[in-house]
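Both complexes below contain subunit A, partnered by subunit B and then by subunit C.
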Partner chain A sequence: MYVAVKGGERAIDNAHAWLAEDRRGDTTVAELSVPQIREQLALAVNRVMAEGSLYDPDLAALAIKQARGDLIEAVFLIRAYRTTLPRFGTSIPVDTARMRVDRRISATFKDLPGGQILGPTFDYTHRLLDFKLAAEGAPLAPTPQAAPDMAPVPHVTALLDRDELIEATPDTGEAPPDLTRQPLELPANRALRLQALARADEGFILSLAYSTQRGYGRTHAFVGELRIGAVAVELEIPELGFAITIGEMTLTECETVNQFKGSRTEPPQFTRGYGLVLGQCERKSIAMSLVDRALRWKELGEDFTGAPAQDEEFVLSHADNVQATGFLEHIKLPHYVDFQAELELVRRLRAEALAQTQPSPRAAAE
Partner chain B sequence: MSDDAYNFAYLDEQTKRMIRRALLKALAIPGYQVPFASREMPMPYGWGTGGVQVTAACLTPDDVLKVIDQGADDTTNAVSIRRFFQRTAGVATTESTAEATVIQTRHRIPETPLTEGQILVYQVPIPEPLRFLEPRETETRKMHELEEYGLMHVKLYEDIARHGEIATAYAYPVKVEGRYVMDPSPIPKFDNPKLSDNPAIQLFGAGRESRIYALPPYTQVVSLDFEDHPFRASKADHACDLCGAAESYLDEVITDDAGSRMFVCSDTDFCTGRQAAGHRGRLSPLSKEIA
Partner chain C sequence: MSIMDRQNWMGLLARARPADLAALLPDLPQSQWLRPPEVGAVMVQGRTGGSGAPFHLGEITVTRCSLQLTCGTVGHAHVQGRDRDHAHRAALVDALMQTGAAADLQARILAPLARIETDARAARAGRAQATKVDFFTLVRGEDA
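And then the complex of A and B:
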């Protein structure tokens, strides 16, 4: 016999206790430490920092541990934490031209000032499982070292810009909007779009970028340059009257060079797609720059072909995985009331429909 | 997590001020969707973050909070949200509709009539009543601006042409003070008449969609219909099997695998109150006293 469901509180407490136990796993296996995650699962940490929009490797590693490795859940933990933090200032724009690069490649020039630096990349590894890694504690062979090249590493697009071969992007001086402090209003300007893309779900942006390569909003992109490295974060201190470096962060920047036929007012010129992501997030930054370029069709006088990647409202409304996962999973919540309303409607409509037609044996049985 | 690290009712005062401004604007333009800078909350989008932000902005230390989901105080998400405010605001909570000053709800309006001074906060998944007719926000905002609601009437008409009646059972669209068409959140249409002329303040929060809208007390709210197909609030054609109420909204509970079912009030406070007052339904445990 049913007598009103009680015990929601106890069920929740017990579920949380079970979750904590499962998170720990087999206690005969050593517990994973936050520094281990930070150091050895660094790319997961980077992704959580990028999509969580908070540059803090220790907190990201903690979130990954707490989320049992579910990265979207970890991103959510970081977002919910970040939104409570006070803001005490805005840094001056980071200068990626002065980045201390770990990796810097260009697909458009064989060699260029600053050189091609592969850095720590999976690119030319053979994807064969390395069973040596399964055996713990094997000492690492020393990596060859070289003295750092202190020569400047100019942007490839800056080199093209000197000859006016690529569109100019003058600083309009307009303050960028802040997606985390103002509701998204459409149409969005490019700064706002880039902000949304930088924290967007990597998988979603990857698929959209891939779709442009397959013809849904084609933009003919070359990777003009991809660079990963540390930049200084500088803050203007009013009492001092100048900027001081308050820290350093790793960024991944991708600039694509895209074809542009020219228009009635503009001679033929290359155009730009831009991707900038917190941490080492190479795939994301390349995808971001392709999607950025696809979204610029209107400003560049191109046709809207109906491709999803060109559709600003579609892309920006669905790119955030914390929003998406929350709304998707909310259908797990009880919907008895709505379902009851539908049930009653369907029963009534069926009864009316059956009354109008000849009674079938099944209807008679009912 | 140290609870001291957070402000009263979790949100910082600047954020509350931003939300309160949006609420005031919403109250000034009943039924109009006001964009607000929705924050990430420590519960998922789609799980009541809009309602939680509105509640957080309304709560004062003297408030008495009630949280319901599907009409019930003890559904898991209602428990979770109530606990959140117990923890972050330390306010008194209640299951009694009459005792509460702020009620956060998902999918129901309490059966017990609300009174002046009470605030009813709705959790809203999709604030835009035209969304399933026109997916673009840029378009639907224009439609509201121009009061261009033809598309909605065509949809309702097509329902009648196809099914003989308007086939919307919940989130049934309403018109507010003859101006804005509004989504009342996914309440069953049974609850729609309670929206109108209600003495309480009704606030609607959609967190993921960053929208707030409101109905000030005694606002006129009309469910959309046609003269020859008037709106009809409907419910399961039964009385509550526990308290015998004939006029409350009912949940259907399947009691075995042979098709047996019973109907019970979805509003648990209403149902237990009636049982305590001696009302009995078809399947009431007559021998047992209900505390």
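And then the complex of A and C:
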């Protein structure tokens, strides 16, 4: 028998009212605006866009405000919102070789065309708390500027590719599957894995990538190149019959150069891992490229060592934080009937077990 | 008008900040909606390894609309974000650029927008260049 129980409506309404009050916090402190979050908590905004899989800084900032800074909750809000949007089409693949780079570094070549451009990075900061930031309104010194160089910066792997020192990544012309349209099916091809990784939880991907560095599916990765900057988004417009730029987005791209392989027929060659993430998400893109490379073991004829980062089913089934948090957090919701059944069962089993170990009083008397 | 000209101005209008476009085109000429502004998403693709097979990276919000001027000229817009006024103005300029007003609009709206964009890009690229590393090699012990 299924028993429906109603109630708690008043408690829920009051809980939500209190949530709104707590979200606002101390009213003697100025309220945070959405543009303030967008501009001053930009990396949180970028993370919510990447994992929410929707590029819209204003919406991500709003979600962060609504979620009181709980970024997974904010990602959930963005994912829910995006399901309400009609899909106008699919862009022409973005050309990251034409990215206008804010940052571009290589750990493999010191001197390379375009140079090492640090950009606005935390690297080389001392990681000491800056109490000057606690004082409001401190004027900023002007940022130094040099003569701009608007020429496109070539990809580092293109330099290796020229001499066939690294595996080629030909465009097979195969139409990529879309996780947002068809449920995940395994085995997945690389395009599907990259889509899943691009929207995956940063913490999960970071830990998996770290595990490969520590030996669980080691791939000897060098960061061939890391670049952050703006690319144009182009869309074919059917009623016009040609493509137009509909906007620009900031992306973070990481290409790793990994351990080489060779065979009797092919001379040794470096292999590649790839990371591409919406927004400025450097840690995530590096981690993504390491996990992408680890997942390619079969295609590259490597051994499966049982490492979690090599296990496609493990990685892809657990990488999405909205799915994970949904299933995890649902166990706190009422399970009264399920539990009642378990309780009954345990009571009965205990009674049976006790009856066997303790002979009945009549048996003892006989 | 070539297709490339139209691609250029439609792209410039889509990339422009809505506030900049609104400041340059405060009054909206009469037009009739063929498709009123609608907010949706476009799935953006990347390429494996930057140049290989495409994959789905994530979506971007886009607002589109189509309109017709009283003279019958049709204008379209697809602009990033959820700003309906931005799409409306972009479609108006797209239509007007196909009329006799093109030269005036080019000077009054498109040229200033292009200048704003060029300046902003140069300012960013200048900051990036200032963070470019100049390596120098220290004299090593055995060379001294």
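The rule we apply is simple: the second predicted complex is superposed on the first by the 346 of 366 C-alpha atoms of A that agree within 3 Å, B and C clash if a C-alpha of one lies under 4 Å from a C-alpha of the other, contacts with A are read in each partner's own complex, and residues count from 1 in each chain.
Basically, contacts are C-beta pairs under 8 Å (C-beta built on N, C-alpha and C of every residue); 3 or more make two chains touch, one makes a residue touch a chain.
As the structure is a prediction and not an experimental result, all values here were calculated from the model.
Engineer: Put subunit B and subunit C onto subunit A via the superposition and say whether they clash or fit.
Structural biologist: With subunit A aligned, subunit B clears subunit C, so fit.
Engineer: A:Ala50 contacts which: subunit B (first), subunit C (second), both, neither?
Structural biologist: Second partner only, subunit C.
Engineer: Taking the superposition as given, does A:Leu345 touch the first partner, subunit B, the second, subunit C, both, or neither?
Structural biologist: In the superposition, A:Leu345 contacts subunit B only.
Engineer: After superposition on the shared chain, which partner residues are touched by A:Ala307: those of subunit B (first), subunit C (second), both, or neither?
Structural biologist: The answer is neither, since A:Ala307 touches no partner chain.
Engineer: Determine, under the contact definition given at the top, whether A:Pro334 touches first (subunit B), second (subunit C), both, or neither.
Structural biologist: Only subunit B; A:Pro334 stays clear of subunit C.
Engineer: Once chain A of both complexes is superposed, is A:Pro183 in touch with subunit B (first), subunit C (second), both, or neither?
Structural biologist: first
Engineer: Which of the two, subunit B or subunit C, is in touch with more residues of subunit A?
Structural biologist: Looking at subunit A, the partner in contact with more of its residues is C.
Engineer: Classify the contacts of A:Arg82 with the two partner chains as first (subunit B alone), second (subunit C alone), both, or neither.
Structural biologist: Both subunit B and subunit C are touched by A:Arg82.
Engineer: Considering only touches as defined above, state whether A:Ala11 meets subunit B (first), subunit C (second), both or neither.
Structural biologist: first
Engineer: Quick one: is A:Ala61 in contact with subunit B, with subunit C, with both, or with neither? Answer first, second, both or neither.
Structural biologist: So A:Ala61 meets neither subunit B nor subunit C here.
Engineer: After the superposition, what is the least C-alpha distance between subunit B and subunit C in whole angstrom?
Structural biologist: Here the least C-alpha separation of subunit B and subunit C stands at 11 Å.
Engineer: Can you pull the subunit A residues that subunit B and subunit C both touch?
Structural biologist: In the superposed arrangement, which is not itself an observed complex, subunit A uses residues 82, 86, 180 for both subunit B and subunit C.
Engineer: Show me the residue ranges of subunit A that touch subunit C in the complex, using the header's touch definition.
Structural biologist: For subunit A paired with subunit C, touching residues are 49-50, 53-56, 58-59, 82, 85-94, 96-97, 100-103, 110-111, 115-121, 143-150, 155, 157-158, 169-174, 176-180, 190-192, 194-195, 198-199, 232-233, 235, 237, 239-240, 242-249, 251, 253, 255, 272, 274, 276, 278.
Engineer: Note which residues of subunit A are touching subunit B in the complex, please.
Structural biologist: Within the complex, subunit A touches subunit B at residues 1-9, 11-12, 76, 79-80, 82-84, 86, 180-187, 313, 317, 322-323, 325-330, 333-338, 340-345, 348-349, 352.
Engineer: Provide the residue numbers of subunit C that touch subunit A in the complex, in ascending order.
Structural biologist: Residues in contact with subunit A: 3, 6-7, 10-11, 14-15, 38-62, 64, 66, 76, 78-82, 121-133, 135.
Engineer: Using the touch definition up top, name the residues of subunit B that touch subunit A in the complex.
Structural biologist: 5-6, 10, 12, 35-42, 44-47, 49, 69-72, 74-80, 83, 106-108, 125, 136-138, 163-165, 167, 169-171, 186-190, 208, 210-211, 234-236, 242, 249-253, 255, 262, 264, 266, 268, 271-272, 283, 285
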